[in-house]
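Presented sequentially are two complexes of chain A, the first with chain B as partner and the second with chain C.
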Partner chain A sequence: MRASLEHISVDFGPVKAVDDVSFGVAAGEIHAIVGENGAGKSTLMNVLFGLVRPNNGRILIDGDERVWNSPQDAIEAGLGMVHQHFMLQDDMTVLENIVLCSEPANALGFVNFTAARNRIRDGFSQHGISIDLNARVGDLGVGQRQIVEILKVLYRDARLIILDEPTAVLTPQEKDRLFAILHSFATDRRSIIIITHKLDEVMEVADRVSVMRGGRLVSSGSLLKTTKERMARDIVGGELPPPLRRSARAPGRVVLSVRDLRVKGHMPVGPLSLDVGAGEIVGIAGVSGNGQSELIQAITGLRRASGEIRLDGKRVDNMDVAGRRGAGMSYIPEDRQRTGLALGASVSENANAGRDDVGRFSKGPFLDRKAMADFARGLIDRYRIKAAGPRALASTLSGGNKQKLVVGRELSRSTPLVIAENPTWGVDIGAIELIHAELLRMRDAGHAILLVSTELDEILTLSDRIFVIYAGALSDEIPASSADRQKIGMLMTSRRTATKVEA
Partner chain B sequence: MPPANMRGELTSWVITLAWIFAILFGLMLLVGAPFATALQGFVEGAFGGRRFGFLMATLSRATLIVGMALSAMLSFRAGLFNIGGEGQLVAGGLVSALVAIMLPGPPLLVLSAAIAAGMIAGAAWALLAGVLQLYVGVPLLVGSLLLNFPIRYIASYLVAHPFRDVQSGMVQSHLVPNAMWLPNFPGVRLDIGILFILAASIFAIVYSHTTLHGYRARLNGLSPDFARAVGLPVGRLTLQTLAMSGAIAGLVGAIAVFGIHHRYIDGMLVQPLYAWTGIIAVLLVGMIPWLVPSSGFFFAAVQTGAAGMERAAGVPKEIGLIMQAVIILFVASRVSGALLGGSRGQRDGDA
Partner chain C sequence: MLEIILDPSFLASIPRFVTPILLAALGGAICERAGVFNIGLEGMMLTGAFFAVLGSYFGGSVYVGALAAVLSGMAMGAIFAEFNLRRGGDPIVVSIAVNLLAAGLTTFLLRAIFDVAGAFRDPAIGGFGPIDIPGLAALPAIGQLLSGQSLLFYVSLVLVLALHVFFARHRLGLRIRAAGENPAGLTAGGVSPNRVRLAALLMCGALCGLAGAQLSIANVNLFVENMSAGRGWIAVVAVLLTRGRPLPLFFIASLFGAVDSLSFRVQGFGLPQQFTDMMPYLATLVVLTVLSWIRLQRAR
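Let's turn to the complex of A and B:
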């Protein structure tokens, strides 16, 4: 299918989310759209898929102008979209999920599952997909769920498939499998649009690439005519900062020591033991949902656990969250929307929450709003947070600036231990750069940092030592010097231990 | 706000009012009541009367509704769905009446002790719901609601049997000594109970906006996960906030006893739905503290106005209640929509 968007503009109130963008995708082409968060990629695709009505511009499908009243119109015209957050019913089987909303039903309403099964099987053999149709979706891993989403789109015989950040949750192996399927689709003359912020993947899978920045299309053309560096420059609109360098450094005293920790929960964890020393970053890689949050909540005191946790030699496992923070722990949570910030409160109110020096921003029972605002202004300057001011609501900040606020608040406490959980999830390149630099600066200043991330690149860039967490258990330690992407990828999906490195 | 929006706002208010009048008119046609008389009866019943007697009745009712609204607001802003205001109100009214009847001593001292006891009783009843949540695992929403019933029947039993004023022939306690009645303002039939609620309003507004405790409670209300993660003492905040909430409800109960009824009458705090009206009044203005008093007054005026309409135009009571509901629903659709729409803000850039 050939599709093009002509002079599309979308306004959200005074904000121009998409500004006069024209863009096309040819049949059998894999077209990557890259750009920072808020660059307008998702909005543009939502226009193409009928989720957002443009203020201006035309949508052409195979040369004919079309107007979508709802995504349903787009689906009927042969478009399909795989959203970043899966939209599946956990309690239904793979088959039921795939046929949902377009069931092959007869006049009486009975669903002919055999026909559906056969039709899906054809798709399997053609594109090399394998999945158990009778499995309950809730029991599947993320990689497999994504396959279900793709099968849903394929079942409706979509000729143009839009994928929004499809590799965010995949292991390297799962990503390879996905890209093979996408190539097979392209050979079948289906068109693919893939939204991503990982340039390596663009180089690997795309035929053409379009870069968006600030709602405008900055460049669009064949992959052969561009380079990774040029794309990166287009994305940020200027020169790139020099790559980070991790200086060699011998770790100091043990700051965090975890012994025989067991956590009950959806994903039981442990027993596991772990040390983090002063002046080192210990990275824990793994596919999300393998016990990372249970582990972190146990260490921070948000969840009950058994075992021994020592901070600077002092037992903290019987303390509450406030006690542990007071003993020298800071925590950058993964979910800035719910755990990292109170979005309905102002920047200043968020910045001052959890401060230990209560006396510095209160007088008796009353708040010292001025001292609070001054402190917030300090964070805004120091961490280059784009905010209208200390009184602006946290919800008005962009994702990257929200995260900088969380990171700034926690790092400014300058505690011996910092726990960072997916600290750059879904934020723009500028914010990633700043957060990584700050974490490294903390490390060089002798703080102990426990980094838990599902982004393998982040783990590899920052960590001195690496563990992989799978099904609640840690792999053997992998020194950063001998870390290998493929090997870690294997550990992320199986309970095999790493080959011991002889000391 | 740009002028275009302002005009839009005005237009939608006009449309809302038109709808209200249209439906009220239809209802009156249905029961054959004269529209103009009814309307006049409404305004008179809410704000008029000889020497503004009806306005005083509205204010007296507003006192109790605003008090209960403040009680609910303190809990709601802290993310605590304490809908047991009724039970806390009954506990406060009952205990303060009994203390006033039983305790010997100089009236002013006994009155102070009785009001304090009422506030403590209300706080204790709210704390019970909090303890059930924190230590037994009963969700506050359920626990606080269910606790309304036992206290209601405990109160009914006490004034029906041990403390009953048998001579009166009603299910009610004896009168509290005359010297403890809250005096009226000079020249009008309105007791000074409203001053207590005025003070409580000021306290609630100051507390919510300027104190460390109010700030922390609000953070917990906005995002409990956040409050826990930054190490706020969530359990303690919960109990303290509930105690405050319950104490205000208890105070309202005491005001009803010493200012209005001068005794505890079975059902006197439950039937007029003060607690529930208070909850609606808070939700109507999106829990914004300084708007709560006017919201409570609005609800009181709608109720007394409807009563006036019944008297003046012979509108049946049931139709009057339907009219109240119509007015409240339409105003709620306007006010809450505008408030929430304004405070919701922008979504995360991630989306």
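Let's turn to the complex of A and C:
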């Protein structure tokens, strides 16, 4: 399918989310769209898919102008979208999820599951896909869930498939499998648009690439005519900051010591032991859902666990959350919407939440609003948080700015131990750079940092020592110097396949 | 106590009490699965009870009565949908409004149409008679329990299975489950979750209407103000306990119905009515406690 967008503009109030963008994809082509968060990629794709109506511009499918009243129109015209946040029903089987919304039904509305099954099997053999159709989707890993999403669009025989950040949560092996399927689709003359911010993947999979910045299309062309460096420059609109440099340093005293920790839960963890020393970043890699949250919640006191946890030599495992924070622990949680911030409270109130030096911010029994606002203003300047001011509600901040506020609040406590859980999840490149630099600064200042992340690149960039968590167990230690992406990828998906790692 | 339980006339009375709770709970289950928090079952049921009498009295047929009950329940479902789905009202507030509206409207119409207060009784109100099932009637205990009941009791049994199959194999059933679990998935597939929920509310209203018909033109042939008397609330509890699964719902609703029936019976043995009136709610509390204890054990 050939599709093009001509002179598309979308205004959200005074903001031009997409500004006069023209863009096309040919049949059998894999076209990557890259850009920072907020560059307008998703909005542009939502226009193409009928989720957003453009203020201006035309949509052409195979040369004919089309107007979508709803996604249903786009779906009927042969478009399919694999969303960034999966739109699946956990409680249904794979088969039920695939047919949902285009069920093959008889006159009375009863679904013919046998017909559906046969039809899906044809797609399996043609594109080399395999999955258990009777499995409950809630029991599947992220990679398999993505396969279900892809089967959904394939089942509707979509000729143009849009994928929004499809590799954000995949292991390297799952990513390879996905790309193989996409190539098979392209061979089948299906067109593919892939939204991503990972340039290595663009180089690997795409035929053409378009770069968006600030709602405009800054460049578009064959992959052969560009380089990674040029794309990166186009994305940020100028020269890139120099890459992060980590100074070599020997770790100091043991700050966090975990012994025989066992956590019960959805994914039981342990028994495991772990040390984090002053002045080092220990990274824990792994596909999400392998016990990361259980482990972190056990250390921070959010979840009951057995075993011994020491902070600077002092037992903290029988303390509550406040006790542990007081003993010298800061926590950057994965979920800034629910755990990290109180969205209905102001930036200033959030910036001051959970501080130990209460005296500085109160007058007698009352809050000292002025001191709180001054402190918040300090964080806003230092972390370049885009906010209307200390009194703005936290809910008005964008994802990246929310995260910078959480990071700023926690790091400003300057505790011996910092626990960071997917600290750059879903934030733009600028915020990622800042957060990474801050974590490294803390490390160089002699703080102990436990970094848990599903982004392998983040682990590899920041960590001094690396562990992989799989099914609630930690792998052997991997020194950063000898870390190898493929080997870690294997460990992320199977128990102890790689054996000894030379130090 | 044992004598009461094994008394044939007690056994025969159980289905009369189970049917309204079960029908309303099946309706509530559809809403629960569709993600509509509907605690207006009581009001929908009471409306159905009134219109069943109205239809039966003026239409001259018990079937017209049942149809009127179904349509009036659906109308209440439509009102719920208008205020909750389209105008975005809070479902609890809308439910309370539906319950209060039903209580006021039926009392008002009772006076306006029949010119009586409290209760309307008339020989012209036709009712569902008992249906004897050949063969079954002769069996001890089971015959008392299952034979000689109203048509609506048998309909409710069929509906339990039908709803189970509906959720598993029907297009709308699948979409109702999706609307309750991840409505964004429906939107992405080009289906409006609110239209699915509207269908669920209409089906729920129809079933609650039938539940009301069982109260007014099958158990007795009269309408009394507020005759649903909390059964809609017990149905809500049954729905929430079973998270809208039809088969477990059948057992819970049967238990609640049996206790309801027992509470009626033991009044004849000198227990104060205030105490016997508490029995269905005590049973609800006991079941709640036991189930949450079991869930806690499983979670460990």
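General observations
Methods note: the second predicted complex is superposed on the first by the 498 of 503 C-alpha atoms of A that agree within 3 Å, B and C clash if a C-alpha of one lies under 4 Å from a C-alpha of the other, contacts with A are read in each partner's own complex, and residues count from 1 in each chain.
Operating definition for what follows: contacts are C-beta pairs under 8 Å (C-beta built on N, C-alpha and C of every residue); 3 or more make two chains touch, one makes a residue touch a chain.
Remember, predicted model here, so these are calculated numbers, not experimental data.
Aligning the shared chain A places chain B and chain C next to each other free of steric conflict.
In the superposition on chain A, A:S482 makes contact with neither chain B nor chain C.
Judged by the touch definition given at the top, the superposed model places A:F366 against chain B, while chain C stays out of reach. Between chain B and chain C, the partner in contact with more residues of chain A is B. Rounded in steps of 10, the angle chain B-chain A-chain C defined by Cα centres in the superposition reads 40°. Of the two partner chains placed by superposition, A:S306 touches none, neither chain B nor chain C. Within the superposed three-chain model, A:T187 lies out of touch with both chain B and chain C [touch as defined at top].
When the shared chain is aligned, chain C comes close enough to touch A:A105, but chain B does not. For the pair chain B and chain C, the least inter-chain C-alpha distance in the overlaid model is 7 Å. Residues of chain A touching chain B in their complex: 37-38, 42, 300, 302, 320-326, 331, 333, 335, 337-345, 349, 353-354, 358, 362, 365-367, 369, 393, 395-402, 426-427. On the chain B side of its complex with chain A, the touching residues are 210-213, 215-216, 218-219, 222-223, 225-233, 343-351. On chain A, the positions that touch chain C within their shared complex are 70-72, 75-76, 81, 83, 85, 87-92, 96-97, 99-103, 105, 109-111, 113, 152, 264. Taken in their complex, chain C has these residues touching chain A: 169-172, 174-175, 177-178, 181-182, 184-191, 300.
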